[in-house]
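The two complexes that follow have chain A in common; it is paired with chain B in the first and with chain C in the second.
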Partner chain A sequence: MALRHAGANPARGNAMAYAILSLISAYCAVPFFWAFLASVDGNASLFLKWPEDWTAANYTKVFLVEDGATWFFNSVVVVGCVTLLVMVLGGLGGYALSRTQAWWKRPFLYLILLIRVVPPPALIVPLYKVLLLANGAMQSLMRAVLPADWYRPAMRIFGFVDGYLGIILILTAMQLPLALWILKTFFDTVSKDYDEAALLDGASLTQRIRLVMLPLALPGLAAAGLFAFISAWGDFLMPLIFISSPELQMLPLGLFRAFLRVNTVDYGFLTALAVLYMIPSVVAFGLARRFLVQTFGGGVKG
Partner chain B sequence: MTYQQRAAWQLRAILLPSVLLLLFLVIWPAVYSVWLSFTNVALVGPGAANPRFVGWKNYARLFGDASFWNSLLVTFWFVLGSAVIGQFVLGLVSAILLNRPLRLRPLINGILLLPNAVPEVVAGFIWISMLAGGDHAVLSRIVMAFGLAPQDWLNTFPLTAIIIVNTWRGIATAMILLTAGLSSVPEEVYEAAVMDGAKPFQVFRLITLPLILPTIFLYMLVSTVSTISIFGFVYALTRGGPGGATEILGIYIFNQSFTAYQLGYGAAVAVISLICSLIVGVTYVRALKVEV
Partner chain C sequence: MSGLTLDKVTKSFGGAQVIHGADLAIQPGEFVVFVGPSGCGKSTLLRMIAGLEQISSGTLTIGGKVMNDVNPAERGVGMVFQSYALYPHLTVAENMGFSLRVAGRPLAERMARVRDVAETLQLGALLDRRPAQLSGGQRQRVAIGRVLVRQPGVFLFDEPLSNLDAELRVSMRIEIARLHRQLGATIVYVTHDQTEAMTLADRIVVLRAGRIEQVGAPLELYRNPANTFVAGFIGSPKMNLIPAEVVGSAAGRSLLALPSLGGAQVELPQPAPEGAKVTLGIRPEHFSATGTAGFTLNIDVIEHLGAESFAYGSRSDGGTVILAAKGRDDLIPGQPAETRFDPAQALLFAEDGRRLVV
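Presenting the complex of A and B:
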């Protein structure tokens, strides 16, 4: 803005701007060039080059030769549940936080902001101990109520360590503070007149939420859901610690383990997997773009 | 019970699931890690079966441990190099230039946002090609064009390498926040300055910079906190190596706890990193003067 007004020659100023922006854009884009080009190259290597042998074999390999289908399935199930849970809990909690006048409102909101600065790596040790304990309790429960041959499949779903339930709850807890904050500030902009009109008409709490608040809250819910999806989809630390069975493996670990296999590094397959893995979060990011400013860092504008 | 009382209870009831989840999976673990840091709890051996209270022993060991100080120093350079300098400078330059009415603005905007959108492991993985050794890797080709020797970057300049990758990842966040700050500066201020014959750099230094200083301060706090919590892409690239050169706090905690199996010691490091983050966090909350 400063340059636009002050520049004596706007054409020369624009050329300068394009030159600098091209350099920054190249910095941002070059790694992606390698990933895309290598993924369609029959002789992919570690180095950026134009493919001579164009092929889709790397992509089919992800699903037909490797366990890509399992990794995708697990990521979709886990992150899908996390996104849904975050939207439901964040929506209800955000509504409550926006409407309540109780004394704990202010401390609670400050606590949420502080929780957002807690580094996830600082929580892994105690989380592991807590969930190991919960997992033990779940094991004895499952042993007591289920026939022996149902025990293992049930623990895959309800286990707190190496089970869907545990990783879903952890990732939900990590994403919840931002969602609560987004939705609280969102509901603050929705007039209380709607609630009160519905109350006067004798609507119950469930009816008020379902018929009045839900339709009004859709943009806020979409923003909260998209951010939860992006960061849970990209999370690496929690699956690394809490998932060990191959059949429960998610995409981040699938990719990580595949590129650790030292003697059989297949860059075509790896880049194809990386491209497939990044597409959902890039799409979600594109959709979330217009919400970015409002929600940055827990609401810069409060 | 009056209907106001009932409404108040209903609000508490629908907030309860969130409270329970945060209590059990964030707040309780954070408090519990303080307790664990005073025990000799381990993943294997006697500490696994019967952890004992050992007082300040973990902290005493921590402060005498060169690898801990190394990790703290690496984290400091990492935050300074990527969040405070790299992302901020490139984000500010992009924000200022993209404020011009350029035809390709949406395209450039999209390209700059792309690195921010990719999963952590993908970010680490796709940079392996850029930073690899040998004459053919992208970064080596670039420096060779300037007459410098090619390097095996992850071995010779590991910390610089992860700073480059994190800068790449964070330009967009800096740009978005600083764009918001820039757009809050009224047009008339610039027009008046140009009328008075101010040069572009003078306009920037004397008008733009002071007016967006609060935004810059907030950006610094937010990016410092989020850089302290980084784990994924650095682990995917280097796992903290070579020889601890990229062992930022998150990776140090992980390595001590799950590779060396010393959960108590890992918890002590975690407490230190919690304290650092909370100090920045409290500053942030106070600086924001959030209306809650």
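Presenting the complex of A and C:
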């Protein structure tokens, strides 16, 4: 708008605006474009160039030669569980926080925000201490109840350190505050009359959640889930600290270690991995987009 | 169809008491309207009947059974919300059939009930629409339909017409009255609009600040208000409440001086303690050229509404006097006029607002 008025001639002002916006978009898009081109280039290099030798070899290498499939699988399982947990806990908690009149409501909401405010690296040492303790307890429990040859696989799943459970809980805890805020704010816009109408209609608690609140909350859940997914998918620090087994390696670390590992950097392989790493975020955004407009464009209309 | 009773029902939110001991008996099939200014506790009282608010003390019975601690769904009441609260993700038919669905009734039975009710409310053509695709009046009807499907013993309405425009409000009012005649249902209806109360109610309950001021049939409240609050609230335009002093009293008659109207004196055919400060209540429609009492009034404005006209005059204490001016060409804005009323229809109130009984 400001640009439109900048020129004496509105058409020229418009053209200027488009030119500038195009330039900015191009500037932002170039890295993605380079990554994509390099990933299908049989002879990729550090510089942006049109591939002479189109190939899918970089992608097959990710899955067949390297452990890309494992990394991808681990990332999907962990981040998928985190997103689901965040949506369930954030939905229930956000609903409760929106409806309660308890005196601790405000203090609690600001307190959980602190989790987001503290830089994560500052949390590493205490977090590691706590999880190590929990892990010890889990180890004793597993030793006590499981046959010896089930112990290691069970700890992969239920271990707090170097296990799925630990990393899932940490990432969930880190994403939950924002989700609670988004959903609390969202439920504030959903009239209490819906709950009460359903109550008078004879719906049980689970029916009210499933048939009324869940459908009404979808936009908010999508927004909260999307932010949790994107943030957890991109998290590098927590997998670095808490995952050590190669079988549990997740994508960002796989990518990072591949970058460090070889003497000559294989740009084709790295960019193929990067492109694969980007796809789920883009897909998640695409799926959640139409709900986001509703959430940040003024709640549910009815 | 069931009756309900309130016995010394109170409600406190934290430390603040908002309902102070409500006593009321509603007969089966009766249309009762709670009316009062905003914040007087109408909704709270209704929500206690519905089970959406806990009753702090006292007893509520519906259909003869104590309901204080019974689940809202099991009280046999249905409620129409001011916001309608139609589930936006469900169609009209699904909204109306929701209570049967959660009760696990088979689809065929649900559809049959919904069609039945839709017939009564002329909603048949809208069953597949979503609430967002309906007009205000249609949403209102669906909200009523959703309650009808449940066949409750008592219908509760919380300001159901306040989201509609004036024209639709009148037509929905007529529709609700028709529905009440047709179903013979017990209805408790909340509104702050005395016209709605007067036109719909078998009996009106006037509330102020959490207390029931008076209960009675519309015309009974109009003719015999128990105090200045009810007198001022019921009737449109408002009853004139003019400060007065009793200067003489003898043989069932009293003489009043009106200091805010130039000290004019009027004689009423009812006794009053001499020397007392009282309030004289005269309805605008009880002024007429043939009245036997009267005073001089400075006329400010005359409003012509078509069927009726009202003149507004000012008192020296800043108050207003409203009088019916239909066919009175002697009333001219900006000029003093002789106004007369029938003293037999005037009401007297004591200084604390209570009616001075004849």
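Here is the rule we use: the second predicted complex is superposed on the first by the 273 of 302 C-alpha atoms of A that agree within 3 Å, B and C clash if a C-alpha of one lies under 4 Å from a C-alpha of the other, contacts with A are read in each partner's own complex, and residues count from 1 in each chain.
What we mean here is this: contacts are C-beta pairs under 8 Å (C-beta built on N, C-alpha and C of every residue); 3 or more make two chains touch, one makes a residue touch a chain.
Source: prediction; values computed, not measured.
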*Quick one: classify A:216 as touching chain B (first), chain C (second), both or neither.*
second
_So in the superposed three-chain picture, is A:197 touching just chain B, just chain C, both, or none of them (first/second/both/neither)?_
second
*Go through the superposed model and pick first if A:39 touches only chain B, second if only chain C, both, or neither.*
neither
*Taking the superposition as given, does A:135 touch the first partner, chain B, the second, chain C, both, or neither?*
neither
*Spot which of chain B and chain C makes contact with more residues of chain A, would you?*
B
*Does chain B (first) or chain C (second) touch A:205, or do both, or does neither?*
first
*Intersection of chain A interface sets (partners chain B, chain C)*: 300, 302
_Touching residues of chain A toward chain B in the complex: what are they?_
1-7, 13-14, 17-18, 20-21, 24-25, 27-32, 34-35, 38, 46-49, 89-90, 92-93, 95-97, 99-100, 102, 105-106, 109-111, 113-130, 169-170, 172-174, 176-177, 180, 205, 209, 230, 233-237, 240-241, 251-252, 255-256, 259, 270-271, 274, 277-278, 281-282, 284-286, 289, 292-293, 296-297, 299-300, 302
_Partner chain C, residues of chain A touching it in the complex_ = 191, 193-194, 196-204, 207, 211-212, 215-216, 300-302
*asked:* With touch defined as at the start, can you tell me which chain B residues reach chain A in the complex?
replied: 7-8, 10-12, 14-15, 17-19, 21-22, 24-30, 32-33, 36, 41, 90, 93-94, 96-102, 104, 108, 110-122, 125-130, 132, 134, 136-138, 168, 171, 173, 176-177, 179-180, 182, 185, 187, 190-191, 193-194, 198-200, 203-204, 207-208, 215, 218, 222, 225, 228-229, 231-233, 235-236, 249-251, 253-254, 257-258, 263, 266-267, 270-271, 273-274, 277-278, 280-282, 284-285, 288-292
*Once bound in the complex, which stretches of chain C touch chain A?*
50-52, 72-74, 77-79, 81-89, 98-99, 101-103, 131-132, 146, 150
